[in-house]
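Here chain A shows up in two complexes: once beside chain B, once beside chain C.
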Partner chain A sequence: MTSTWSAAARRALKNSHVQFLILGAALLLLPVLSANGIIKTSTLSTLGFVLIYAIVAMGLNLLLGYSGLISLGTAGFMGLGAYIAAYVQDNLRLGFWVALLAALVIPTIIGILVGVVSLRVRSIYLAIATLCISEILLKTFEQAEWFTRGTAGKQSTFPVIFGIHTDRRFMFSVIVIALVLIMMLTHNIVHGHLGRALHAMRSSEVAAQAMGVNVLKYKLFAFAMATLYAGLGGALYLFFLRSSYPSSWNLFLSLNVIAMVVVGGLRSIFGTLAGAFVIFAVPELVLKELPVVGDIPGLPYIFSGILIVVVIMFFPQGLKGLADRVRHALTPRPPSVTKDAAVVQEATR
Partner chain B sequence: MELLQPLLRSLETGSVYALAALGIILVWRTSLVMHFAQGSMGMFSGTAVAFVLNRTGAPLWLSVLFGALVAVLLGFAVDFAVIRRLKRATAVGKEIVTLGLIMVFLGLAPILFGTDPMLLPKAIPTGDVSLGVANLSYNALLNIMVGIVVAAGLFVVLQKTKVGLAIRATASNESTARLMGIPTKTVTLLAWAMAGVLGMLAAVMIAPTTTVTPTFMNTVQVSALFACVLGGFQTFYGPVLGAYLIAVASNFLKLYGSSVWGDQILYLLILVFLLVRPNGLVGKTYLKKV
Partner chain C sequence: MSEVLRVENLSISFGGLAAVDDLSFSVSDQEIFGLIGPNGAGKTTVFNCITQFYKPDKGSVWFTVDPERLAARRQKADNAEGQINLVGRPVHSIINYGLVRTFQNVEIIGELSLVDNVLIGGHVDFRASMLSQMLRLPRARAEEKAYREKAMEALDFLGIGHLADQLAGGQPYGVRKRLEMARTLMAEPKLIILDEPAAGLNESETDGLAETIREIRRRYECAILLVEHDMGLVMSVCDRICAISFGKFLAMGTPAEIQQDPLVHEAYLGERDDV
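Right, the complex of A and B next:
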C-alpha cells in the first residue's frame, strides 16, 4: 500500500501544477514568518517585488523565448498598469477589481496597437517601437498631472478585497496567488495548442508559416501576453508599495526584466523566478551589505549587465540549464538510455 | 516667417543624430548587430572627455583626442571580447548583449568619473554670424560642419577607398567577403571603433546643451535608432537623411505643435510612417531566405 501511495505522490510531484501549488504554499509561509518577526519586514518587501518582477518577466519570457522578440517597453507598460490601478481605485473609487481589470486591459490594447504597426516588418522593429512607446509613456507619467501627479508621485492606499482591509502582508499573499495563477496560465499556454504554434515558429518561422501557422498572429499574441503580465505586475506593484513615481519606470527596469529572463533561462517558468531573484534580490539583499563594494554607485547595473553578457556568451540556457546539468550529473543512468534521451531531446528541440 | 532660425537649429541637432546613426548603421551592416549601446558608449567616452577637461584643465581638442582614444579602445574591446565570440548566438542574443553593455557602461561611468554631473563647454564659446533674419553661433556652425564633413568623408572612404570596399563587401555578404580574402574580422573591429568615435563626437557636440550625466545620451540614442528606421537599414546614407529629417520635424513640431509633446508626436508619426513604407525612405525590400 505504502509503495503505491508513494508512487502516486511521486507522480503528483512531477505534475507542474502541483509543483506551482507547493511553491505557492511555501511562499505563503513568508508573511506568517514576518508577522512572528523571524524575517524582517524589509526582506518581505524585497521578496514581494521579486515575485512581482517574476510575473512581469514570465510575460517577457513568452515573448523572448518563443518568438525571439525583444520588448523595451516593459517598464512603460508596467508603469501604465500601476497608474491606471491608482487612478481607478483612488480617483474614480471603483474598487480593487475594476482597478485590476483596467490595469490589465488598457496596456494590452496599447500593446496590440504597437505590435500591429511594428511586427509587420522585421522583428527588431518591435524593440525600437517599444523603446519609443516607453519614452512616450514616461513623458506622460511626468506631464499628465491629473492622472499621475507628475514627479511628485502618485500616492495610493492598500485595497479593500472582498470587504477585507488589506495590509502589506496580506498583499504579499495576493501577489503569491497571482504568481501561482500566472505560472499555471503560462504553463498551459506553452503546453497547449498555442504553445505548439509558438514552438514551430521558434525553430523556423518560414517553415511554420508554410505549415499554416499565422506567424504575425502568434507574435502579436506573445507580445499581448507580455504587456498583459506587465500591466498586472504594475497594478500589484502599486497595491504593494502604495506609491508610484515616473522615475521608477525608466529603460533600466525594462533591461532588468530582460536580464531576469536571460539569466533565469529562456522558456523556463521556475528559471524566470530564479532569474528575478538573482537580478533584483541579490543586489538588494547581498551586494548592498558587502563592506567596501556595497557603497559603489551603479553596482546593480554592472551586476545585471555583466550577468547578461556572460550568460549569453557562456551559458545560453541560463540558470535552468545549470540546474539541468547538475541534475544530469547527479542521476546515474545506463549509457544507452542517456543516448536515447539525447536523441529524443534532439528530436523534440 | 521665421523659418530659417529653427531650420538652422535642426541642422545642428541633425548633425548629432546623423553621427550617432552612422555608428549604428556601420555596426549593423558589418556585424548584423543592432547597436543599442551606441548612446551609452558615446556617453562613456564623452564623460571621459569632460572628466579630463575638468580635472586636468587640458584644452578641449586634447580632451577630445583622449576621448577618441577611449572610444577606439572601447570599440576594439567590445568587438574583440564579446561580439566576435557571439557568432553562434542568435540575432536576439546579440541584441540583448548590447542591451547588457548599456548597463555595464551606465554603471562604470559614475565609478570611474564620479557621480557629480559635469559640464562640457562649447568648442567656440562666443560669436555668431548673422544670416539675414537668423543668427547662427560659430559653435553651431562648427557642429553643422563637423556633421556634414564627417558624414561626407565617410561616404568618400566607403565609395572610393580599399577599406571602404572591404566594409561594403562585408556588409553585403560576410562569408562571401571572407572567401574573397577580405579580413572581415578586422573590418568589423574597425566598424566598432568608428562607431565609438562617432558616438563620442555626438556626445561632445550635444553635451554643452545639457549636463554630462549617465543618461544624457538617451534622446540621441532613441533619435539615432529612429533615424535608421526612417532612412532604412539597407544604405549608409539613408540613416543620415533620416537623422536630419527627424531633427527638422522635431524642431518644427516643438515650435508650431507642442513644446512639451513635440518629440512624442514625432515618434508616433514615425510609427505610422512604418505602416506606409515599412523599409524606410530609401530602403529596399528585405527578403528572408529559408
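Right, the complex of A and C next:
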C-alpha cells in the first residue's frame, strides 16, 4: 500500500504544475518568516522584485528563447503597466482589479500594434525598433505629467483586495500567486500546439510556413504574451513598491531582463526564475555587503555584463544546462543506452 | 487516371535570367513522378513555385482538392474540374489543400522530440482555440492526445517509433530524413513533394528509401513528386519522369523512354561528336 502511495507521489512530483505549486507554497512561507523577524524586511522586498522580474523574464523567454525574436523594449512596456495601474487605482479610483486588468490589456494592445508594424523586420532591426518604442515610452513617462507626474515620480498606495487593506507581506503573497499562475500558463503554452509552432518558427521560418504555420500570427502571439507579462510585472512592481519613476524604465532594465533569460537558460521556466535571482538578488543581497567591491558604482551592471559573457562562452545552456549536467553526472547510466544505440544503427542502416 | 497537379506555362526569372521557362506537366493521382535535370536545371525552383515560396512570373499551378476538404475550409474550387490555382496563395495555406513537402537540407527542429516534430505536420488540423490551449481545457487535451497517436502511427510506419521521445537534434542523418517524411504524413497529403530524398544516404539506405516511397503511396493513397540526382532511385521508383534543362521542358515519359531519349543524353553528357 505504501509503495503504491509513494509511486503515485513520485509521479505527481514529476508533474510540472505540481512542482510549480510546491514552489509557490514554499515561497509563501517567506512572508511568515519575515513577520517573525527571521528574515529582514529588506530581504523580502528584494525577493519580491526577483519574482516580479522573473515573471517579466518568462515573457521575454517566450520571445527570445522559443520564438527566436529579440526585444529591447521590455522596460517600456513594464513601465507602462506600472503607470496604468497607478493611474487607474489612484486617479480614477477604480480599485485593484480594474487597475490590474487595465495594466494587462492596454500594454498588450499597444504591443500588438507595435508588433504589426515592427515584426516585419528581423533580428537587429527588430531590436532597434523595440528600443525606439521603449525610448518613446520613457520620454512619455517624463513628459506626460497628468499621467505619470513626470520626474517627480508617481506615488501610490498598497491596494485593497477583496476588502483587505494589504501591506508589503500580503503583496508578496500576491506576487507569488501571480508567478505560479504565469509559470503554469507558460508551461501550457510551450508544451503543446502553440509551443511547437513557436519552435518551428525559430528553427526555420521556411519550414514552418511549409507546415502551415502562419509566421506573422505566431510572432504577434509571442510578442503579445511578452508585453502581457511585462504589463503584469509593471503593475505588481507598482503595488509592491508604491511608487514609479521614469528613470526605472530605461534600457538597462531591458538588458537585465535579457541577462536573466540568457543566464537562466533559454527555454527553461525554472531556469528563468534562477536567472532572475542571480541577476537581481545576488548583487543586492551579496555583492553590496562585500567590502571595497560593494562600493563600486554600477556594480549590478558590471556583474550581469560579466555573467552574460561567461555564460555565453562557457555555459551556453545557462543555469538550466548546468543543473542538467550535474544531474546527468549524478545518475548512473542505465544499461539500455547501448541497446538503443544499436537499434538506431539498425534503423538507419 | 485523374490528375492531382497540373503545372501550366510556368515561368520565373531572377534578374533577367529565366530559371524556369514556360514549363508544363501534370501528375496523376497516386503516381510517383520524377523531375530530373542536370545541376542548375531549375528543379528546386519548380518546387518552390508550386509551393509558393516563389511567386511565378507567369503560369498557373492547378491542384485537385477533395471536395470535403474544401468544404471544411469553406472554400470554393477555382475551375469546373474542382481544382484550385495555388499561385498567389500564402505559403502557409498550401498544406491545407493536401500538398506537403520535404526540404533538400532536412528542416527539423532539433530541440523537440521526434513525435513533437511529426506533430508540427498536423499544425493546421488543430481546431482548439489559443485560449483553450493556454488553459489546457479538455478539448485541447483530447485533440493533442488524438494527434499524438496519429503521429506515433506515422513514426512506427517509418520504423522510428521506438525513438519517439528522443530529441531530434541528436539523431543520425537517416533518422532525420525519415522523420521529415513522417511529418509530411500527418497532413493526410494528396501529393508529397520530396526534394532529393536520397541525398546523403548510402546505397542500402537508398534501396530502403525506394521501398518506403512505394509503401507511402500504397498506405496513404497519395501521389509523390520527387526531385532526385540518384538515377538508380528515379528509374526504379518512378512511374513517369519529366526531364528539364535550363528551366525548359526536355522530355517526358516512362523511365525506359527517358533513358533512350537523345535530348536527355545530350543534356546530361553534352553533344555527341560522332553524330
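Throughout what follows, the second predicted complex is superposed on the first by the 333 of 349 C-alpha atoms of A that agree within 3 Å, B and C clash if a C-alpha of one lies under 4 Å from a C-alpha of the other, contacts with A are read in each partner's own complex, and residues count from 1 in each chain.
Convention: contacts are C-beta pairs under 8 Å (C-beta built on N, C-alpha and C of every residue); 3 or more make two chains touch, one makes a residue touch a chain.
The shown structure was predicted, so the numbers you read here are calculated from the model rather than taken from an experiment.
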item	value
Touching partner for A:H193 - first (chain B), second (chain C), both, neither	second
Partner chain(s) touched by A:V206 [first = chain B, second = chain C, both, neither]	both
Contacts of A:F158 with chain B and chain C, given as first, second, both or neither	neither
Partner chain(s) touched by A:F170 [first = chain B, second = chain C, both, neither]	neither
Partner chain(s) touched by A:V215 [first = chain B, second = chain C, both, neither]	second
Partner chain(s) touched by A:C132 [first = chain B, second = chain C, both, neither]	first
First (chain B), second (chain C), both or neither touched by A:L185	second
Chain A residues touched - chain C or chain B, whichever exceeds	B
Intersection of chain A interface sets (partners chain B, chain C)	204, 206-207
Complex contact set, residues of chain A against chain C	185, 188-189, 192-194, 196-197, 199-200, 203-204, 206-215, 221, 267, 340, 343-345, 347-349
Chain A-touching residues of chain C, taken from the complex the two chains share	51, 53, 90-96, 100-101, 103, 107-112, 116, 119-121, 123-124, 126, 128, 130, 133-136, 140, 143-144, 159-160, 162-163, 171-175, 178, 183, 187, 204-205, 208
Parts of chain B lying in touch with chain A, wherever the complex brings them together	34, 36, 82, 85-86, 89-93, 95-97, 99-111, 115, 214, 218, 222, 225-226, 229, 260-261, 263-264, 267-268, 270-272, 274-275, 278-279, 286, 288, 290
Residues of chain A that touch chain B when the two form their complex	64, 68-70, 72, 114, 117-118, 120-125, 127-129, 131-133, 135-136, 139-140, 143, 204-207, 251-252, 255, 258-259, 262, 296-309, 312-313, 316
